[in-house]
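I'd like to ask some things about the structure below.
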């Protein structure tokens, strides 16, 4: 799986959902506009289009989408931030595309890939007669090339293809082979990929790598040297619905329609990504300078957007969750009872409500409510209960000392809480936890630091507890995070049972077979509490009602349906 | 004087070396590197090690320092990790935008500060002076974003006269005169905010030195010569009162290029301030170090120019 | 000196300002004892309430009493503002004076140091400093003091250059030749003869510095320096207004801290003006 | 008379003339151009001469308030310009100066009591308790009142400031005083008082003066020996009586003839100097005075006249004597 | 007889200080006729400069203030003029040479610039001509290398040179009245003579009146037509120069005459008036000179003598010469 470490306050923009498609709400305008009720989930439709500012109405054939500034790496192999990816997604296609429910369907591929019986060989077949925007045909070579250079020694982009264990990949990286053995071009439209290990996510990973013309991106390629790539960052050429017309750093990205796109030319010919920032994105929507923008969800913001009248407000769960991690390398947290006590003893509901109001839910497992793997079966809710917490602590041997602080073997119970800042959630956790834990007889000592510094503390194990958030991927595999040797398991959590379950889930490829395994895994994690799981919040995408046709979900961001969007 | 300038220029070398060592050390000491700052939890330990090797982050600091300085000397500041292009190119992209904004603001607020400072000194403790004082401190006491938001509310949202942010209208394709008009329209609010924030303290300095100067005997002489009050004030008094301000002018040089982080963020001005700030956030050391050295050089030059100008403006000073 | 105090005492505005500052301190340090709210108690039901009988200045987004926070914030902000300013003004004045007085090698060394300090980006420096404080397990409540020192230390070069430039002019004046003829020690020349003549600049710099330091502190809290939540400061209270909705609909969140900073800055300015006039032999009112 | 307290050998002080934006040195003002003389202990040496001829510069260079260009200043056997800072400072109380421009030599922010008294304290020459008495005493002597002590320089009249300058020098009980126009701004009564005071001190304490003045009557009254300067050089030097009775150099003669007499009925013949006033940056070749000399001859335009002794202790630099 | 150009009538100027009100000029009246040179002499600190400053209306505000009286110049009361009207008079009709030449010159402007200014302002000369005139003026006051001096700064000049620059500035616009506050103190006698000649020339040529403040009785004797003697803020005696020098009447004036050292008449000890000027803050109703007067009488300690005209237009303020009081 790949998820992303996110600062909890910055929304993870790569995921979104709209249970009710925006198009479905285009009902005839009622005589007297009525302000709709607030909903904590779903779509709150526009109710008074007459308020739509002239500036927006004047734009007949274009849409302006506000977002944080991209870094300008519009190279499918190197783009890394969500915002660069928003650009890349419009310009490039891959074999498969994601659906609203986190399943996949063919894009450039003619059909879903064939998987061999031993689940090690994947055969991808392209649609015939496809062209890149520069007129070059899309062939199996282009796909093979894309997979090959990701193995190159000098590749320093964000993808890590080694996780897919393609045969001969390591040899290519080390330079002992001049091609990757497991990537075989069968005919101009077919590629066969052989892997050495079974992987549940291999198909979606391979199908998700973007395809770019080898004639452009591979022209100067020599094995072991990808330096030339950085010169191509500002001149992307792909097969997606749009091409790049103009990029002004820090300002805007302007797109032009691509007539050769396999799905036909996009319905809205001109798309502009305009750079916006937290402070003024609301105002820009209001004045019509932008048509849509992701806005952090809160009662205030939702109300303000509804008040504007002409906004379709899409609210759906964020594909991610916030948690408070324990440092499992510290003796006091190795005791499950202590961890459970700290969960019972923290009024999570109050924190979540204070920060997000109705737009977030307290969670108890590390999974999104929308995932197929989600379960509530046999899950303890850890409702706020100081007595239970005290009891558990007593059982664990932590007794209240003379000064009211619990102690065990001469050690005082003190928690050093490292908080990223600025961060709205920490601002609420700190006062609540300080008060709650004081009741339990625990001294809670918070300190604040910038994000990367907290990351460093986490890496070095110099903390007791810290708050952070994870973004999730369509696939539920959490091996990196919770397995004993997980690359992101810096907190030292280890549970052999969980390790075993995670491994087992990956050996299966079909959802039905994986589901029960994850259920058991979540039960284990819920009981064992590697983290105090905190909440899953919502994302919000207000869209000017001029634009209709978006089809978003937490798994499928707006770029995938942009080509279908129409200006009313 | 030439000798002085040459000596000062020679002093730049050790100073810059000192600065480079310090900033480099800082960059080594700051927790985390670019790889750590990545928000990619999928990163395996092996992959992270591979990346560090590719970026040269695994080498000992001394070795990195030597390579870095060697490259710097040849004008090569390395590649920005975040932007994946040469640092010089990144700077070239953003610095000028900051410069246009700053230079215009600078011009305006120096003029305003001088005029207002002079008048509040002339009418010390008058209503005008009091009002100016309160305004100055209001500007100082309120964070910059606050004034920016207020202006946006007034002039861009409530009465949509001006754009909220950006440097050009989205998707605009004009060039020449129309383009410049568009940019100027976008500049008005940020410039106004910068002016409000910066004019204040300068006003106070000028007021103070004016207060000192106008009681000197030579001002009496100028009056005795029957000079117009305007000439007395702006020529005789201001000349002397501006001497300390020359020092302040020296400080402006780096800030002309350094950008204004908060202003640029709120007004979505594609300037260097935000890029610089981000480079710290994501530990993009080549960019951070390169930009710091550029700013350091500008700081040193600014101070040098201020010192030289000072010696020229005040004939009594003998620089040694 | 005594004369100066007598003169200062006669200046009503300056005395008013002084009394105001003292009152501010008293209210901030003693006021919270008279309120029944607790800094840690947050209450969702009570959030974002406009000023009312129970909460005179309203409540914030976590339902905390703004008045209480205002006073608690004042403790920190007032101390920080004054201490940082005092430190940087002291260092700046002394080093600037020494540098301008001696010129030559001393000047070169001090000014290059100033150049270096003003060239080093403060953000990374402060981040490191924050981490060091954390690694050395300095009590979070004590970190503020280190931070004040640090802030004071990195903000002196500006004033130093200003002072130096004035001293450069002054040292050529005949009355400095006279001190030489009297065989006065350098320290006396600097502290008795030169620095008093720079007082107006020093005072301006100090009055401008206070508001700046109070605001700067809010930036520092984010770096793990400065105060730890829930302790507020005026700077980060007013920072809440970055949020567009709070800014446009909940003035009670940012007007009070803004006014406090403004009031303290103006009070200090009046006091400074009074002090300058009191120390100015040519001005008698 | 006793041995020489101060010897000045071939003293030169050139000021650079700066020009252009970058203030390069474009020439030199030869303010003092090779002057030698000596002053015995207890003697008052008068220095007169044209305005701008370098009198103040000599005074200041002797006290090392300027760095010299070349030459030697030997005070009590030591070359002052070779002393290090501390030794120099220790010597300062012994050698005092009354500045020509009293106002600018007073720090505007320091009240005059402090200005006069601080050096005493700084050198440990008196205790804090005594200080006020010492100041009052010296104020009294100089015709200032005790109530002046707390006032600041700008609150005084020109003459009062001048007396403050004198008080500041005298309070140190120096051995040697350079008095640069110390009485120019005083009315004759106070002037008389001050001159009497200086005379008394000279006798009672063996005080030595370098007395610079334009007022020849004052110089005549106070000084034992007088030097006449012109354009950076000494042109004549003799004892008081000799010089006033028997001036040899044409410049000295012109000077003496120009002294105004306090009698409106008396209109005296003055020797009026004609001709260009030369510049100290480009002094004329030959005798520096030749451009204005009423009796100049060819040789004066070509040769620098030798500075020689013509009578007992009467030196002059003129070809025609 | 020429008519009065300037009249001081009961001028009072005071300074507010920490310790009290200094009555620097205390009821001064005298006048200056067209083309006449009036010498003002008196004890140092008696208020001469302040009188001159009051005339220019340049007494330092806010603590110095003209509290009463009138100053008539060509029939207009200067104290009632608007600021801009006064400005047109300053430098043009009335020019002043200040006592302290060093601090009176702007340190950052070149000498030339400072001379040129009033020329351009009042005589409306173009810059080039003004500069030529400035050089000429500098030469006129006897400063060598005038071309270079106009480009140098005040601190580079000797005391006497600065003073002459002040004189040059004052003379530049051919004023009707020249107020010269100790104009030649820093000058050697030959230059002094030259300057005095220059002033005399100008006086003759332009019928300029001069108010000459000086301590040098020789200069007064040579220059003045009429002399005013001040003491502690008051005029105590005035008369034509011949009358005054021949026949000084006030004991203070007599003392002054006696105190002056004269060349070739060296005495062992100079005469000086005993005692001290009274504290200008605590002035009583007595004759201010009574403490120091050799012929002090009882009435002197009680009442101030009025300034009264005696024979020969000689005005004296002394009880000795009051009818019924004198010897």
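All chains are identified by letter, namely A, B, C, D and E, in their written order; residue positions are counted from 1 within each chain.
Here is the rule we use: a contact is a pair of C-beta atoms (placed from the backbone, for glycine too) under 8 Å apart; a residue touches a chain by one contact, two chains touch by 3 or more.
Note that the structure is predicted; figures quoted are calculated from it, not measured.
J.: Identify the chains in contact with chain B as well as chain D, in label order.
T.: Common neighbours, chain B/chain D: C, E.
J.: Looking at D-E and C-D, which pair shares more C-beta contacts?
T.: Counting C-beta pairs in contact for D-E and C-D gives the edge to D-E.
J.: Using only alpha carbons, which chain's centroid is the nearest to the whole structure's centroid?
T.: Looking at where each chain's C-alpha mean falls, the closest to the middle is B.
J.: What whole-number Å value describes the gap between the mean CA coordinates of chain A and chain C?
T.: 44
J.: So the centre of each chain is just the mean of its C-alpha atoms; given that, what is the distance between chain C and chain E in Å?
T.: 52
J.: How big is the gap, in whole Å, between where the Cα atoms of chain B centre and where those of chain C centre?
T.: It comes to 22 Å between the two C-alpha centres.
J.: Report the inter-centroid distance (CA atoms only) between chain A and chain E in whole Å.
T.: Once rounded, the distance between the two centres reads 90 Å.
J.: Can you list every residue of chain B that touches 2 or more other chains, as numbers and ranges?
T.: Touching at least two other chains: 30-31, 145, 149, 153, 215, 243, 314, 316.
J.: Going through chain D residue by residue, note those that touch at least 2 other chains and give them in order.
T.: Chain D, residues with two or more chain partners: 101, 104, 150, 154.
J.: Name the residues of chain C that each touch 2 or more other chains.
T.: In chain C, 3, 127, 131, 172-174, 242, 244, 282-283 touch at least two other chains.
J.: So in the complex, the part of chain B that touches chain C is made up of which residues?
T.: Residues in contact with chain C: 11, 14-15, 18-19, 22-23, 26-27, 29-31, 133-134, 137-138, 140-143, 145-146, 149, 153, 200-201, 204-205, 208-209, 211-212, 215, 243-244, 246-248, 250-251, 254, 276-277, 280, 288, 292, 295-296, 299-300, 303, 306, 310, 314, 316-320.
J.: Please output the residues of chain C touching chain D within their complex, sorted ascending.
T.: Residues of chain C touching chain D: 3, 173-175, 177-185, 188, 192-193, 196-197, 199, 279-282.
J.: In the complex of these two chains, what residues of chain E are touching chain B?
T.: Going through chain E, the ones touching chain B are 56, 58, 60, 83, 87-92, 95-96, 98, 100, 103-109, 114, 117-118, 121-122, 153, 155-156, 166, 169.
J.: If we count contacts the way the header does, which residues on chain E are in touch with chain D in the complex?
T.: 15, 17-19, 22, 41-46, 48-50, 60, 99-103, 142-145, 148, 151-152, 156-161, 163-164, 182, 185-194, 196, 215-222, 224, 241-242, 245-246, 255-257, 259-264, 266-267, 269-273, 276-277, 279, 281
J.: Which bits of chain B are touching chain E when the two form their complex?
T.: Listed in rising order, the residues of chain B that touch chain E are 215-218, 220-229, 231, 235-236, 239-240, 243, 313-316.
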